[in-house]
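Chain IDs A, B, C and D follow the sequence of writing; residue 1 opens each chain.
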Amino acid sequence: MLLLEHLWILLALPLAGAAANGLFGRHWSKRTVDAVAVGASGLAFAAALELWREFAQLTAAELPWVRSYFSWIVAGEFRADFALQVDQLTLVMVLVVTGVSWLIHIYSTGYMAGDAGYARFFAYLNLFLFFMLLLVMAANYPLLFVGWEGVGLSSYLLIGFWFLRKSAADAGKKAFIVNRIGDFGFLLGIFLLYWTFSAADFRSVFAAVRQMPVETEAGVLTAIGLLLLAGAVGKSAQLPLYVWLPDAMEGPTPVSALIHAATMVTAGVYVVARSAVIFVHAPLAQDAVAVIGCLTAVYAATIGLVQTDIKRVLAYSTISQLGYMFLACGVGAFAAGIFHLMTHAFFKALLFLAAGSVIHALGGEQDIRRMGGLRRKIPWTYGTMLVATLAIAGAPLFSGFFSKDAILFAAYASGQQLLWGLGTLGAVLTAFYMFRLIFLVFHGQPRFDEQAVHVHESPRVMTVPLVVLAVLSVVGGWLAAPKLWGGADLLERFLTPVLEAPAWLAAFPAEELHALELRLSGAAVLAAALGFLAAWWLYLQQPEKPAMLAARYAAPYRLLWNKYYVDELYAAAVVRPLLWLSERVLWQKVDVAVIDGAANGAAHTARRLGDQLRRMQSGNARSYAAWVIVGAAIVTAALVWWVQ
Amino acid sequence: MVSPSYYLTLSAILFGLGVIGFLFKRNIITLFMSIELMLNAVNLAFVTFSRQWGELSGQVYVFFVIIVAAAEAAVGLAIILLLARNRQTLNVERINLLKL
Amino acid sequence: MLPAATDYYRLLPEILAAVFGTIVMLLEPFLRREHKAALSWLGMLGAAAALGAAVLVRSDAGPAFFHLIQADPFTFFLRLLIYATALLVMLAARAYLDRENLPHGEFYALVLLGSVGMGVMAAAAELVTVFIGLEISSLSTYILASYRREALRANESALKYFLLGSFATAFFLFGVALVYGATGTARLEQVAEGVASVLLLKLGLALVFIGLAFKVASAPFHVWTPDVYEGAPAPVTALLSTAPKAAAFAVLLRIAGTVLPATLLWFWVLWGSAALTMFVGNLAALVQSNVKRMLAYSSIAHAGYILVALAAGTEAAYAAALYYLAAYALMKLGAFTLVAHLAGRGERRLTLEDYAGLARREPVVAATLSLYLLSLLGLPLTAGFLGKFYVFVAGLRAELLGLVVLAAVNTLLGAYYYLRVILYMYFREPDPTYEHAAREPVPAGTGLVLAATAAGTLLLGIFPGHLMRIAELAAASFR
Amino acid sequence: MVEQFTFYFFAALAVISAVLVVTVRNAVYSAVFLITTLLATAGIFLQLRAEFLFVVQIILYVGGIMVLFVFVVMLVDLDVALRQVQFNRQKWVALLVVLAVAGQLVFALALGSEALGLPAAAPESLEPNTESVGLRLFESYMLPFEIASILLLVAMIGAVLLGKRQKPPRSEA
């Protein structure tokens, strides 16, 4: 029981790797850096497997397994320990995170080879792994928040990794700031939680919530749920805070695969699932989760239809798939959400890594309009990416088929037929834009200069992780395949002790359930086929059609192309007023005009105002004194005559 | 017997004049003099209250205030001298390298 | 009736610091020029002795000097903070003074004597004693601000600080006079008892608040701060932004804690001032390109967060404020010390451009500065996060939801400009035409200060319990 | 009656000279009028039975501090033509704010001792008291008295440090 007693080892491994590479990596050879980074993540994965083995020996009474290492925040009666927790949900997350991250570490040794900041890159990557593990293993909300902020920070560092590109640096900052908005809500949620329950660790909070009645009208649980949701929306890039994720594609592709597809962005889903008890007791908040998830799923898919940057298509696809996970949680099928989280981690990581391989092969090209015909030139990449596409599109018996089916089934069965309809529409769109991608990249005629670009398959270290992930993308679904398909609902049964089973499930008689399941599966297959056929027809049979369509429906096309102008909207509504306030009002008016009347042309703005200001004859120290007097007038007036 | 409020009013007027001087003078030394004027007003208030309460602490406080004023004057005038030497001006409005 | 031995014992830290400060000045003329730097050891010894004495007399709590002084856990906490700050400032200043070719002896003497003043402020239980402590601390910082005598900016900084500081002190003093008039005493414990005139007391407390608000740089009395912090020599800025501020907050806390009318009376003013201070500091910092000045605005914003705790007014809130003061002192000391080092001779390299690509040139330095900035921003696992956390929790407990929300909004605003510095250090290359300073190794003393503050920032972020217990004990002194 | 007369005399003297401190243009005159104000205040101190302070005010304040002022004004003979007072729109605003503060102070303090609830002073309560002030100073207020010496030490260090002759100023970019 070594690891169960010493859960911290799991955290210490990547942290040590990060510290070693961060401090000394610059002086080490590539081989040493590789060994440290891949070793740290590999050992973490091995530790996760060992943890699984040990975990299997625990009895139900011992769960959740919490180990507290030291008391962290103590204030009056408030306590938050540095405590780690393992239960089924944590275990699934830990396995997915360490496993995928190990593969991506291996892949990166090939992809990033020769980069100037090689050691730095791996230091950040290991650091990210540390925080991500902290996030999923924390036994209380404040500690979870530490991991939460930590992954944000490392993602910020990694997005801006190629900082010589201004766009990369800006994207990093955007990601961090947009996330802060969500985090703000999240933190308030934690405060409110603590305020209500005088505790912040999962065990006591959930026990207390279970005692409470279900809130049919908005109450404190609803407020907590909505605030936590705000945080989750930010981190998991849902409407309306999704804007940072597409820009985050400025980071190196392995980063996109690990952080912006497989792990970090799913943290929001994890938090919602972790807080399942709260959401089940606050149906209003839960409905909000479902609606936001469903809208995001369709909305992002529509944007994905017309994007031309290979990574951006995948980014919008990620947003859309995360929407499905939220939808699952929102209709009470938390296990289905986690299931989709897992399969999505496999196939989306694979898609990104394969996309990275394509970009690598074409020497940095990312525009799918300048690709095409790569099928035979990079067969491994093509084969694995095709597998992933089939998985995400929901081709029968691939992993995505089972997980997406489970979600759509849950949506329908819970009585939210509208959400089911939208979800199915999203599935059509998904199949369409994914096959569009495949056809444009790998089929047809090459649209790049074949003389100038020497297309080459990626080295073994990159293709092997692709193959492993492809295998997982195919078989991963069987972990939770329902009985209907000969599976055993393994994952769902595994997770049931932690996650509330949906209430509507009990209402169904078994035979009716199966019939419904079969019908809905059929619908899902039809949806996927429809999307595939449309893409096939438009991009392989009638390659001139898309341009015509775009020309005929110029207005909607432009709307999609410009991503519904949301970035512009935000800039106009939020960023600019703030900058305006700060620059115009505070800086120019207050500081320059009032405080600094006699400024004899120092700053640019001051010079413009100079003439007028000289006439104002206001001096510095004296204007400061004037402010003191203004304050004094207000304070004395307020205290003496107003306050009783 | 003069009512204490007369003394206090006088004190408030002197304090106000000190504030006005601080805000409207340009010569740094006169700015500083205005502060002395304000301190003087404070002393008057202390003495008045001391008399009113029949309690001597107020007078002791004034003694301290005067000591502080002396120390402040020494340091303040040293700073002003230094500045005058370096900048060749005593106009408070020209002391504006630091701003924005 | 003369003071007894216990009276002196309870003031031992201040006495020791004063003695050492005097010895430094006495020895100074007899040392040869090249040996004068050795006085820093004596100065640091003095601060260390004061720290030791503070711990020693901790067990003997009680009033001294006819209730002018109160040696209690609250005083203990602030003595720790003040003398530790003085120690670190002296440690960091040695290399700076050498680099700028400035005299050594006076610096250490002034820092020590100034901290005597701050110690007196923290311990004082009577307003006139507060006033004298305040003046000692102010006068020595005025002088320190113009320590680079031939630098025009330093002169100007000192002049503005001096003029406005004296101006505000006059308000404070008038307030003291009115409080005395209203109650016939200036001893805080008795002030609440014999109120003859409510009106006078209100007016007096209002003016006292103005004077102290000036010293803690809360809006709209903050206007002097950016100029003074920017112009003063960087190690002095490090001192200015920490110890005297802490001492002034100590006085505010002690008055609010002991004088019940003040607690009630000041509430809305504290509320408004906290909100205004946070916004002014953060918004103005957004457009700064001079790092030193940006940090000055940031310290205004941080004063606002502490004021939130003061407005909450509960014991837990006071503990939170004390914790915040300590955390804040660590990060600001570290940040300004680093700025002093990076600015180079004559403090010429202070703009964001000068920080471009720093991570590549000096990765450890850049990482350390990032740590301070992230802590100022309030990222978890740093002292700054817990400071905010405690303050916010205390605020919520006191039902100040609106103010806490405003504070949270402000932490968002803060993220922008702190990150910008990190952005420059990590993600920006300097202009190719930019003339690099010769890379200077971090001097030993500075390095030690950086190591201590960085370790402290992390330690307080991960193991806040111990300090928080001391802070809670301190806050309980007013019961 | 005599008391009233002396009060009005000193008060008028103090206020008029204070106004002149603020309005005259030459710093030397300002200093002289300030001295007059201080002397008038000293007279009021005497009337309020503060003989000790009367002496301190004249010897220390007028004789020490103000002479120092005049000395510095003479020493730094710059900007002689500085026009001192000049009103314009912005200054009216400033004046308004100042009056808002001063007005509150005056209003509050002019209410009278009954309204303020101050105890009525017994005329003899503070009979010749220099000795008692001294006793207070060395007993209950010994601490501030002692630490004031630190204040003076600081001031001394500062004055010497800043006043020392130095290299010609380096111009700063």
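What we mean here is this: contacts are C-beta pairs under 8 Å (C-beta built on N, C-alpha and C of every residue); 3 or more make two chains touch, one makes a residue touch a chain.
These numbers were taken from a predicted model, which means no experiment stands behind them.
**Q** Measuring from the mean of all protein Cα atoms shown, which chain centre lies nearest?
**A** Taking the mean of C-alpha atoms per chain, the most central one is C.
**Q** If you average the CA atoms of subunit B and of subunit D, how far apart do the two points sit, in angstrom?
**A** Distance between chain centres: 5 Å.
**Q** How many Å are there between the centre of subunit A and the centre of subunit C, using C-alpha atoms for each centre?
**A** Centres of subunit A and subunit C (C-alpha means) sit 41 Å apart.
**Q** Measure off the straight-line distance from the CA centroid of subunit A to the CA centroid of subunit D, and report it in whole Å.
**A** 67
**Q** Between subunit B and subunit C, what distance separates the C-alpha centroids? Give it in angstrom.
**A** 26
**Q** What positions in subunit B touch 2 or more of the other chains?
**A** 8, 15, 18-19, 22-24, 26, 31-32, 48-49, 52-53, 57, 64, 68, 71-72, 75, 79-80, 82, 86, 91-92, 95-97, 99
**Q** Taking each residue of subunit C in turn, which ones touch at least two of the other chains?
**A** 128, 132, 135, 139, 142-143, 146, 149-150, 152-153, 159-160, 163, 167, 174, 181, 184, 199, 203, 227
**Q** Which residue numbers or ranges of subunit D touch two or more of the other chains?
**A** 91, 94, 98, 101, 104-105, 108, 111, 116, 118-119, 141, 144, 148, 151, 154-155, 158, 161-162, 169, 172
**Q** Looking only at which chains touch which, which shape fits best: line, ring, star, complete or other?
**A** Looks like everything touches everything, fully connected.
**Q** Inside the complex, what are the residues of subunit A that reach subunit B?
**A** For this pair, the touching residues of subunit A are 587, 591-592, 595-596, 598-600, 602-603, 606, 617-622, 625-626, 629.
**Q** For the complex, give me every residue of subunit B touching subunit D.
**A** 1-21, 23-27, 29-30, 32-34, 36-37, 40, 43-44, 47-54, 56-57, 59-60, 62-64, 66-75, 77-82, 84-86, 88-91, 97
**Q** For subunit B, which residues are in contact with subunit C within the complex?
**A** 8, 15, 18, 22, 28, 31-32, 35, 38-39, 41-42, 45-46, 48-49, 52-53, 55, 57-58, 61, 64-65, 68, 71-72, 75-76, 79-80, 82-83, 86-87, 92, 95-99
**Q** Give the list of subunit A residues in touch with subunit D in this complex.
**A** Result: residues 597, 615-618, 626, 629-630, 632-633, 636-637, 640-641 of subunit A touch subunit D.
**Q** Quick one: in the complex, what on subunit C touches subunit A?
**A** 159-160, 163-164, 167-168, 171, 199, 202-203, 205-207, 209-210, 213-214, 219-221, 223-224, 227, 264-269, 272, 280, 283-284, 286-287, 316, 319-320, 363, 374, 379-381, 386, 389-390, 392-393, 396-397, 404-405, 408-409, 411-413, 415-416, 419-420, 423, 426-429, 462-465, 468-469, 472
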